[in-house]
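Got some structures for you, see below.
There are two complexes below, and they share chain A, which is joined by chain B in the first and by chain C in the second.
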Partner chain A sequence: MIHPSVLRLELAVVGLMLAVLLGDAFARKASRRYWGAAVAAALLALAGYAAAGAGILPNASARVFTAEGGFLVDAFALWVKVFALVATAVCVLLTSRTPGEDAPGFAEQVVLQLGVGLGMMVLGSARDLISFYVSLELMAIGLYLLVAWRKEDPLSLEAGVKYLVYGAMASAILLYGMALVYGAAGSLEFGIIRQAAATRSDSIVLLAGFALLLAGLGFKVSAVPFHWWTPDAYEGAPVPSMAALSLLSKPAGFIILARLLFDVFWPLHAMWQGPVAWAGAATLLWGGLGGLSQTNLKRLLAYSGISHSGFMLLALASPTRSGVAAMLYYLLAYLLSAGLVFTAMCGAAGPGARYDLRDLSGLGRKSPWLAGALLLGLFGLGGIPPLAGFFGKLLVIRCVVSESGWGFAAAAVGGAVGSLYYYLVVVKAALSPEENGAPPIAPVGRSLRALTAALAFGLLLVGAWPASVWGALRNAAEALCQ
Partner chain B sequence: MLTTLIILPLAAALFLLAAPVRNARLARAVAAGTMSLETLLATVCLNGALAAGGGLAFETRRAWLPDLGIGWHLGVGRLGGLLVFLTALVGFSAALVARPTERARFHHALGLVIVGGMVGAFVAQDLFFFYVFHEFALIPTFLLIWIWGGARRREAAMKITLYLLAGSLVLLVGLLALVLASGAGTFDLPELRAHLAAHPISNDLQALIFLLLLIGFGTLVSLVPLHTWAPIGYAEAPPLAAMLHAGAGKKFGLYGLAVVAFPLLPSGAAVWKGTLAWLAAAQILYAGYIAMRQDDLRRMLAWASVSHMGFGFLALAAGTPTAMEGFALFLFAHGVAAAAGFALAGFCRDALGVCSLARMGGLAQRAPFAAAAFTMVALAGFGVPGFANFPAELMIFAGGLGPWPAPTILALWGTVIGAVYFLRAVQRGFLGPLAPALAQAADLDRGRRVAVGLLLAASLAAGFLPRGFLGRDASISTLASGLGGVRSAAPAVVMQGGPEARLVSAGRPNVQDPVSR
Partner chain C sequence: MEPPGLNHWLVVSAMLFCIGAAGVVLRRNLLVVLMSLEIMLNAANLALVAFSRYGNGLDGQIFVFFVITVAAAEVAVGLAILVALYRLCGTVRVSDIATLKL
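Entry: the complex of A and B
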């Protein structure tokens, strides 16, 4: 039995996708000017509705099941939906700047992004292996297309192929793991798998399946050693698709990872804590050091994304509620800061831009607005108070010091310093005087300004007053760790 | 009161950014006006702290994130009050001195943000805000150096920012470890102090956390060998940034060691004290000898400032009441002298276009005020009686001789080296025949005169009347507990009579000082 009312948020997004497709078929060109803004506004309204409980959850500790127990709505799932809706709104607004609302394929791109967001929303509620896999593939298929979107550009195609091949491999690994887990537990349902993990923790089949699941998700979150695709995919993808990769796909990986670690495989936590911490430290250092020699902003941001994944893995490596809350806060801070950087990138150059660092020269003079957004976003990523990134780092380091130990704390500091250096390199490029041949900048439109202001406000609010979101995060963490 | 003290400069900065102030002079007037008001408030704040008798004055508490034990808790103790006053005073002079060639509004706004952040760090009684406010003040420093610095400004800005942010991160790990290890579940400093007095952390862990804090705070104060950011950073920074950082910002590290690391981790401190004392002596001599060889006036001052920080570390390592009294006065004395020095060096670079000692002889003929002021900075710098540095350093030596005789004697030699490089700078730069580059040089303008005069007057005032700045019964116990809570076991040394009598009694430390063991 499926109760459609439990799926109301997801159904609304499906409705929105249909509306955009139909609109694309019938609407006249002149009426499309504010499509991006309209879709984003609808998504944000839905996000507000979801944040208020969406009429599904009577209170923060309730759990509502449907689809034979395969779909669960609890405080954690609702938080994921809010996050996914906001992140999708950011991606849609970015698309409305590059390639632009009147460009061919705009509507399709928006529909695909909505699909990716929808995948993440379902993933947050996944309660068995089927809905887990289907929602993850729903995201992946949209992203395969989005990454290769600029098909006249060989770099974008290369990125698309690379992402597709790696992604297919990751899916295969995941499926293999799922099959083993299914075989060991005798059920697809997370509740029963958890019982199996509790009673038969010595089953080699179950453990192998679990390990394969972790490896497959390691690809999604670009954890070392499954991170190789990231810089190439980021470099080739258009900026809005890059935003979808890092604001939707990566968070989705962390969400399902948290669900697996803290719910399904919680009985094995003594076993997974160490490997997750080691992977986190390695990822952090790789991201922090690998970005040092980059001369292309997109590749550099890919390494930055890897280093942030390391931080979030380290948060998850502390098997406590505060670990989950720290990871969720960190994701939010990452959404706001990286969103600002992507906004500035979209504003600073047209669709075909390569974003070499030297192309940024003179940005401070040409557009103080965009340069300000870029700086704020980079400082947010670097974790400068009072921006949210700082409090996220503080929460993670607190977890690391209390649960993982000094070596990991040292790795966190080392990785963070490395990434601070390359953020400063970007700041340096943006503030340096204009070089000859740097392309001019089109005036910043109203929707992009609104997006910048909203993200900057959020970054400051969440950072200077974390209590504004802390209650929701704590509820989500408590709902997950039952 | 304290919230106003933090918000006032920040609000003025926002106003400067938002208001259509096109005129550079007007921007300077707004900044200087705000800072004069801030200085007045800081005076009230210092008086309140001195009157509070070792407790906290003007306390404010608000809940912020109770789940994690973080609260908005402000309060000002003696040491904090003195540093707030120093920050405001230096901020005011720096605003008067700053002459950016472009984007004056932005320049002054950044200076105001630094002042707001530093004041916040000195009055925060919650370790979270203590850390956050300091770090908040770092980014404007970076931007000031980056945009308005000298020829090698990019390199300098990158270096100073990376070093300071990396040091801050180590510090963050140390502070978090301290809070977690204490088991108190709070970042509140007085509560932590009370809790740790009753339930101290195990000795091994204390030693480790203390080392982290020492590296973190030490980087911020340019403790050798973590000092390499300082010479280039100060040499390339515009006067506003150099004055604010050398004058006030850098004191954060020493302040943090004095109010967090030493009182909360006594047995950790005992492990590292010896190393610190020897490092301090090494720092004074090493940086001093390098300062002797500098040709660029600003580099010379930067190395001198690194060298002087050694006295602060020495005082902390000694930890006797006399040394700690000297420590507090030293922070103020060095702050005003360094700010005045960088103001004058900035004048040489910006207004005269010459900063190399080899090319600027005879400036006294064209700019007598500047020459006189620099001579006074030099005299203050190597601790001539009358300036605040003299009683401060004397008390540090007197207090340090008991616990660490050999490093203290080496440090004494540092004042001789100081005399060499400062007098050499005076002689080469300001005396002798007029250098051709300075034929058209003009003297300090009115704003700069007021600024430098004020700083030197403050140094003289503190030199003649240290009690007015330290309070009547100042000692380690009241200074440390001025940040709340537990009094140290050492009985306070009550000094009577005028400053001379005080110095005499300070000169016999072993009679009165219960040397910390």
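Entry: the complex of A and C
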């Protein structure tokens, strides 16, 4: 039995997708000016509704099931939905700048981004292996298309092919893991799998399935040793798709990883803690060091993303509620700061730009607004106080010191310093005097200005006054670890 | 001769999975790589159906229908990207599309 009222947020997004498609078929060209802003406003309104409980949850510790127990709404799932709606709104606004609302295929691109966001919303609520797999693939298939979107550009297609092959292989590994877990536990439901993990922790089939699940998700969050696709996919993808990769796909990976580690496979936590911590430290160092030699902003941001994945893995490696809450706070800080950087990138160049670092020269003079957004975003990523990134790193390192030991904390600080260095290289490039051949900049539109202002405000608010979100994150973490 | 049991099916499925993975890693033609990916997915399907047949209820077989549907969508997208690539570059060989360094 499915209760549609529990699915109201998801159904609203599906309605929005249909509205955009129909609008694309029937609307006149002149009326398309504010489509991006309208869709983003609808998404943000939904996010506000979800943040207020969406009328589904009576209180923060309630759990509402539907679809034969395959779909769960709790405080954690609701927080995921808020995050997904906001991140999708950012991606849609970026798309309305490059390629622009009157470009062919704008509506399709928006529909695919809404689909990716929808996938993340369902993933946060997944309570059995079918909804887990289908929502993950809903995200992945949309992203293959979004990465390969510029089909007149060989780089974009190449990135799309690579992402497709590696992504599909990761999905196949994940699916094989699911099959083994199903065989060992005798059910697709997370609740029964948890019981099986508690009573039959010596079953080799169950453990092999769990390991394959972790490997498949390691790809999604670009954890070492499954990270190599990231720089290529980021470099070839258009900026809005790159934003969808890092603001939707990667957080979704962490969300389901948290659900698996802290709920479904919680009885095995003594077993997964060590490997997750080691993977986190390796990912962090790889991301921190690999970015040092990059001369292309997109590749550099890919390494930055890898290093942030390392931080979040380290947060998950401390098996406490504070670990989950720290990971959720870090994700929020990452959304706000990376969103600012992507917005500045979209404003600073047209659709086909390569974003080599020297193309940024003179940005500070040509558009102080975009340069300021870039600076603030990079400082947020780097963890300069009082921005949110600083508190995120502080919370994670505190968890790491108490749960994993000083060695891992030292690795975290080392990786953070390495990535801070290459953020400063970007800042230097953006503030340096203009070189010949740097592209001209179109005027910054109103929607882009509003987006940067909102993200910058959020970054400062969440950083200077963490209590504004901490209660909600704490509730989400407690709903997850029951 | 005894009839095949759960373990036989699981061994076949593991072998199929390894063949598929080897195909993805080793083959140079992207069309064959896509086919190898399908083999990997079908290996998982075979394991699901085998577990379902030998005592785990029908859930696994329902899951397989979802997987088949998703795999069809994935292949449609993959072939679309390959066609676009072939129109632009005139090749679908892995070695010819290595502009982005790994």
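Following the convention adopted for this analysis, the second predicted complex is superposed on the first by the 482 of 482 C-alpha atoms of A that agree within 3 Å, B and C clash if a C-alpha of one lies under 4 Å from a C-alpha of the other, contacts with A are read in each partner's own complex, and residues count from 1 in each chain.
Keep in mind that, in the parts below, contacts are C-beta pairs under 8 Å (C-beta built on N, C-alpha and C of every residue); 3 or more make two chains touch, one makes a residue touch a chain.
None of the values given here were measured: they were computed from a predicted structure.
Enquirer: Identify which of chain B and chain C touches the larger number of residues of chain A.
Expert: Looking at chain B versus chain C, the one contacting more residues of chain A is C.
Enquirer: Tell me the contact category for A:Gly160 with respect to chain B and chain C: first, second, both or neither.
Expert: A:Gly160: touches chain C, not chain B.
Enquirer: Of the partners chain B and chain C, which touch A:Ile204 in the superposed model: first, second, both, neither?
Expert: neither
Enquirer: Quick one: classify A:Asp232 as touching chain B (first), chain C (second), both or neither.
Expert: second
Enquirer: Tell me the contact category for A:Val134 with respect to chain B and chain C: first, second, both or neither.
Expert: second
Enquirer: Considering only the touch criterion stated at the top, classify A:Phe390 as touching first (chain B), second (chain C), both, or neither.
Expert: So A:Phe390 only meets chain B here.
Enquirer: Let me test your reading of the model: by the given contact rule, A:Leu180 touches which partner, first (chain B), second (chain C), both or neither?
Expert: second
Enquirer: Can you list the residues of chain A that meet both chain B and chain C?
Expert: none
Enquirer: Using the touch definition up top, name the residues of chain B that touch chain A in the complex.
Expert: Where chain B meets chain A, its residues are 64-65, 67-68, 128, 131-132, 135-136, 138-139, 142, 146-147, 154, 158, 161-162, 165-166, 169-170, 172-173, 176-177, 180, 208.
Enquirer: Within their complex, state which residues of chain A touch chain B.
Expert: Against chain B, the touching part of chain A is residues 379, 382, 384-386, 390, 393-394, 397-398, 401-402, 406, 409, 412-413, 416-417, 420-421, 424, 427-428, 431-432, 465-467, 470, 474.
Enquirer: Where on chain C does chain A make contact in their complex?
Expert: 10, 13, 17, 20-21, 24, 30, 33-34, 37, 40-41, 43-45, 47-48, 50-51, 55-57, 59-60, 62-63, 66-67, 70, 73-74, 77-78, 80-82, 84-85, 88-89, 97-102
Enquirer: For chain A, which residues are in contact with chain C within the complex?
Expert: 129-130, 133-134, 137, 140-141, 144-145, 148, 151-152, 154-155, 157-162, 164-165, 168-169, 171-173, 175-176, 178-180, 182-183, 186-188, 228, 231-232, 235-236
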